[in-house]
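Each of the two complexes below includes subunit A, the first together with subunit B, the second together with subunit C.
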Partner chain A sequence: MQKKPALRDLAEKLAFAAAVLALWEIVARAHVFGMRSEIIFPRLGTIAAAFVKNFVKGYAGVSLWTYLLNSMKLLLEGMGIGILLAFVFSGLSMVSRSFHNIYSLIVAVADLLPGVALLPVVIIIFGVNPGVIVFLVVHSVIWPMSRNLIDGFRSVPKIYVEAGKNLGLTGTGLLRRVYFPAAMSYIVSGLKVGWARAWRGLISAEMIFGIAAAPGIGMYINQMRTNMNNAEMYATLVVIVIIGLFVQYGILNPVEKNTVVKWGMRKL
Partner chain B sequence: MKRTLAILLLVLVCAASVSAEGSARLTIAYQYGLAYAPVVVAMQQGLIEKAYADAAGGELEIEWVQMSSGADINTGVMSGSVDVGFMGVGPALTGISKNVGYRIFSSLSGQEHGLMSSDPEIKSLSDIIGSGSQIALVNIGSIQHIILARALSLNGSDPHALDANLVAMKHPDGMNALLTGSLPLHLTTNPYIYRERETEGLYEIEELKSAWPKENSFIVGVAAIEMHDSEPELYAALCSGLSAAIEYVNGNIEATAELTSQYDGNAVEDEIRYLQMGNYSAETRGVEEMAAFMFENGFIEADPGSYADLVFDNVKGN
Partner chain C sequence: MSALLKIEGLSKVYDDDSAELAVIDNLNMTVEQGEFLCILGPSGCGKTTLLRCIAGFERCTGRILVNGEQITGPGTDRIMVFQDFNQLFPWLTVEKNIQFGLKRQGIRDREQLARITADVLKKVRMHGYGRHYPYQLSGGMKQRVAIARALALKPSIILMDEPFAALDAITRNTLQQEVLAISREENCTFIFITHNIQEGIVLGTRLMLMEPGGRIAIDIRNPIARPVSPSSPGYGALWDRLYAALYDTQRGNPV
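Take a look at the complex of A and B:
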């Protein structure tokens, strides 16, 4: 029963993607940007060849894989720390009224500051090492995640909490067995926003702060741009999109399906 | 959907710029800092417009765009939205070797470069090789990186021996990192290098000073070949207007400082000192040598050719 609409959804998405690609190819072939259009707006074939070249040849003998692995490592580290801290602080906000008061002010202020604008201060505090990037990823995850968690916890109906208490749950038990599942819908949204923010934060930070000993994907984009290798630059953007789609459809959607959708809290 | 919209918008913008042609118009892109002082003078005093009016009798409308890297200007020239750009000799040679469609029409300025150290143990480049000491500079593949490679090569070392020690960050961030001890080395240029030289506790690595002295071209002006070929009067006005601006800077340092200090916020006395330490000249120096070095050491993939392939016929120098 579920299968047919799912196939239709997929077909729609594929058709849209094909249309965008076709438009790209038409614009590229029409030389819209003048005589040298091919360099700034390459054809799909050129970008595909550059995609392969990125992994086989890379830049200065270092394959894009190395850049990618470095970035993913920092990203996972930052997201892990960010999510954990968001849970801890949001949990504490549920327990203590004063903590909640102060923490919600911190969230409101800190969420407004773009990580990249903090870079000079962060370098002074942390020094020049990949820790700076991890810090910026944590910064981009923790605030939106905390916002969602607190909203989620606060929206748990009082009756659920009372029922839990009647069953003898207290403290962390109450948090784990009542608040957590009841706020799952918010948690999943928080994860989605947090992931997207982290990914973007990572790449923009790497584009302006690059450590040659631990080069990341943002630095790769920058090097391709500096060297006017535009096809390679677009191909790297494609890699970013592929990873983004993989996380969305391969990780976040199944999580959503097996929790909030299964429990009847939300439609997929 | 966003991409579609963006493409449509770009198409419209291109169409609009084509239809606006007819009267003499020029889009000139430049960047931030004192190395671009003559461009600011030419802009403020309308020197290129004057030169055009004197020679061709027509009115010239110039749109000045301030961009933040040579790579951005390269993209602008390629898409036809920028006719003239000022950038480091590195990105200019990259653009020429990539067939962006421009050549150098003038040198603009030469500036001192320096590598400053906060670690008394580090006195020469060979002290850094093999150590994990980090060097902040503005970008991997930037002119500063190439100058470092040149210093290493002049020293008999592998030009890429320090590539793994580099950290890319903007000049002011690099200076902050050096001053707070986050890293021990910073390779920079005017005006940061002068501030760092005046700071106690920092030492200069002398080998770098001679790798690309200020007499050599650092910032150059490039002009679209199409513009040069199709509008010779406009091209001539550009060259004479800019050389008048360079002459003005050299002859009126104080007045120039008054003008440029409004843009970068330095005190006028500092500005005068910084301007005096720069070398402003239309004649190129070292460009062919730089092109050969970049090609030999893999900073550019294609051979940019000899001096005649790099500059327009009227340019003097080497």
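Take a look at the complex of A and C:
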């Protein structure tokens, strides 16, 4: 009973993807945009060849792998710091009313500022180095994550807190063993939003200010764009999508399945 | 012999309204070791508040002493069983829920934890359910596990706030019988709140009836020999007396 819907879901998704690709190929072959068609809609075969070329030849003798690894390193560093800080500050918000009061204002304001808009100032402060990218990733993760954590902590049913206190918990123990698991649903949502924002923030920043010391995937896309290598650019976007899907289905969904779904707190 | 629980001059005012409302006003009472005290009373008479004060969840004035020591907050010597089925931690299995408090007390030995868990699960007739998550259990089963979780800690007093009020009549009667059996085996004191006169007479060795304002209208020893059924001698008279008093306390108040 459990397996059939899962297989059906997968089949549905694959059928949809195949239909989109087929449509793309039809549009590409029909030269709907005349001369420009080759650039707007390269054939799937051309994109596939560019995909391979990206990794084998790369740009200026550097494989897309290297760009990718640079990006991932900065991304993980930024997300790690962002998530950790979000936990610390949201935890403090639960302990101190004044802190919560001020921190929720900071979150509300900072969450509205697009990371790339801060880039010029950040570069003046830090200089053009990988730290700037890390800063932007932290910026894009910490606010949505904090929002979710605080919402999650605040909506923990009173009965769990009282039961926890009754069974001998106080202070940080209560935070760790009751508030944290009880807010897991919100934490997973926060991770989803935070991850997507971080990934986009990273690529936008790299596209605007490619950092020579650690050239990333955004910089690669930008180079393909400037050189009108559109097939290669699409192929790089495909790489981005693949990574995104891997994180969603390979990491976030299993986390969800092994926590909130297993506990009956949410359906998948 | 000094009383297990001694309450002196307890008052509780909820100040979230502009008009301050004294839910409990200068209440004095004692509970002896081994008693099964059932507290009856209409909604809003302060019986839940009294229980929450004893559990240490509410700030109040006056003194509450357990074994001669004044309580300052929640503690494992007084375990509360709530009415809400969702009092178990949904992220822990039944056995981990039961072991939760034991681990906080510093019991780390796996064998000992397993033994206590098996023992209390047996007492509430839930053996074999240790690996289940709470969402896989029915309401009655969740309440059984909550009782097991309390028993595991060997508290001086188990506080029960209408634990069976949301159950169907059959499950409710079954659970009453089981709690009765447990109370006779365990050397534990129970304070049990209910709206249900039958439940009070069946379970209590002592019956208390509270009036709005937290005044004690009736406080008697249950004269009926256990096990109690509606055909027990004296049941009808006691039921009538409690019924009359319960509805008398509500007279003049909008229901």
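Going forward, the second predicted complex is superposed on the first by the 267 of 268 C-alpha atoms of A that agree within 3 Å, B and C clash if a C-alpha of one lies under 4 Å from a C-alpha of the other, contacts with A are read in each partner's own complex, and residues count from 1 in each chain.
Everything below uses one rule, namely that contacts are C-beta pairs under 8 Å (C-beta built on N, C-alpha and C of every residue); 3 or more make two chains touch, one makes a residue touch a chain.
A quick note: this is a predicted structure, and the numbers were derived from the prediction, not measured.
Novice: Evaluate whether subunit B and subunit C can sit on subunit A together after superposition, giving fit or clash.
Specialist: These partners fit in the superposed model.
Novice: Mind working out whether A:Met265 is in touch with subunit B, subunit C, both or neither, as first, second, both or neither?
Specialist: second
Novice: One more residue to check, A:Gly210. First (subunit B), second (subunit C), both or neither?
Specialist: First partner only.
Novice: According to the stated criteria, A:Leu23 is in contact with first (subunit B), second (subunit C), both, or neither; which is it?
Specialist: In the superposition, A:Leu23 contacts subunit B only.
Novice: Is it subunit B or subunit C that touches the larger share of residues in subunit A?
Specialist: B
Novice: Taking the superposition as given, does A:Gly34 touch the first partner, subunit B, the second, subunit C, both, or neither?
Specialist: first
Novice: Thinking of the overlay built on chain A, is A:Pro181 touched by subunit B (first), by subunit C (second), by both, or by neither?
Specialist: second
Novice: Based on the superposed arrangement, let me know which partner A:Arg97 touches: subunit B (first), subunit C (second), both, or neither?
Specialist: neither
Novice: Report for A:Glu162: first if it touches subunit B alone, second if subunit C alone, otherwise both or neither.
Specialist: second
Novice: Quick check: superposed on A, how many Å separate the nearest Cα atoms of subunit B and subunit C?
Specialist: 37
Novice: How about subunit C: which of its residues touch subunit A in the complex?
Specialist: 55-57, 73-76, 78-80, 82, 84, 86-91, 100-101, 104-105, 133-136, 149, 153
Novice: Quick check: in the complex, which residue numbers of subunit B touch subunit A?
Specialist: 3-4, 7, 10-11, 14, 69-71, 74-75, 78-80, 91, 94-95, 98-101, 132, 134, 136, 139-142, 160, 163-170, 172-173, 176-177, 180, 182-183, 226, 298, 300-301
Novice: Considering only the defined contacts, which subunit A positions touch subunit C in the complex?
Specialist: That would be residues 157, 159-160, 162-169, 173, 177-178, 181-182, 184, 259, 262-265 of subunit A.
Novice: Please give the residue numbers of subunit A that touch subunit B in the complex, ascending.
Specialist: Subunit A residues touching subunit B: 20, 23-24, 27, 32-36, 39-40, 60, 119-120, 123-124, 126-128, 208-213, 219, 222-223, 225-228, 230.
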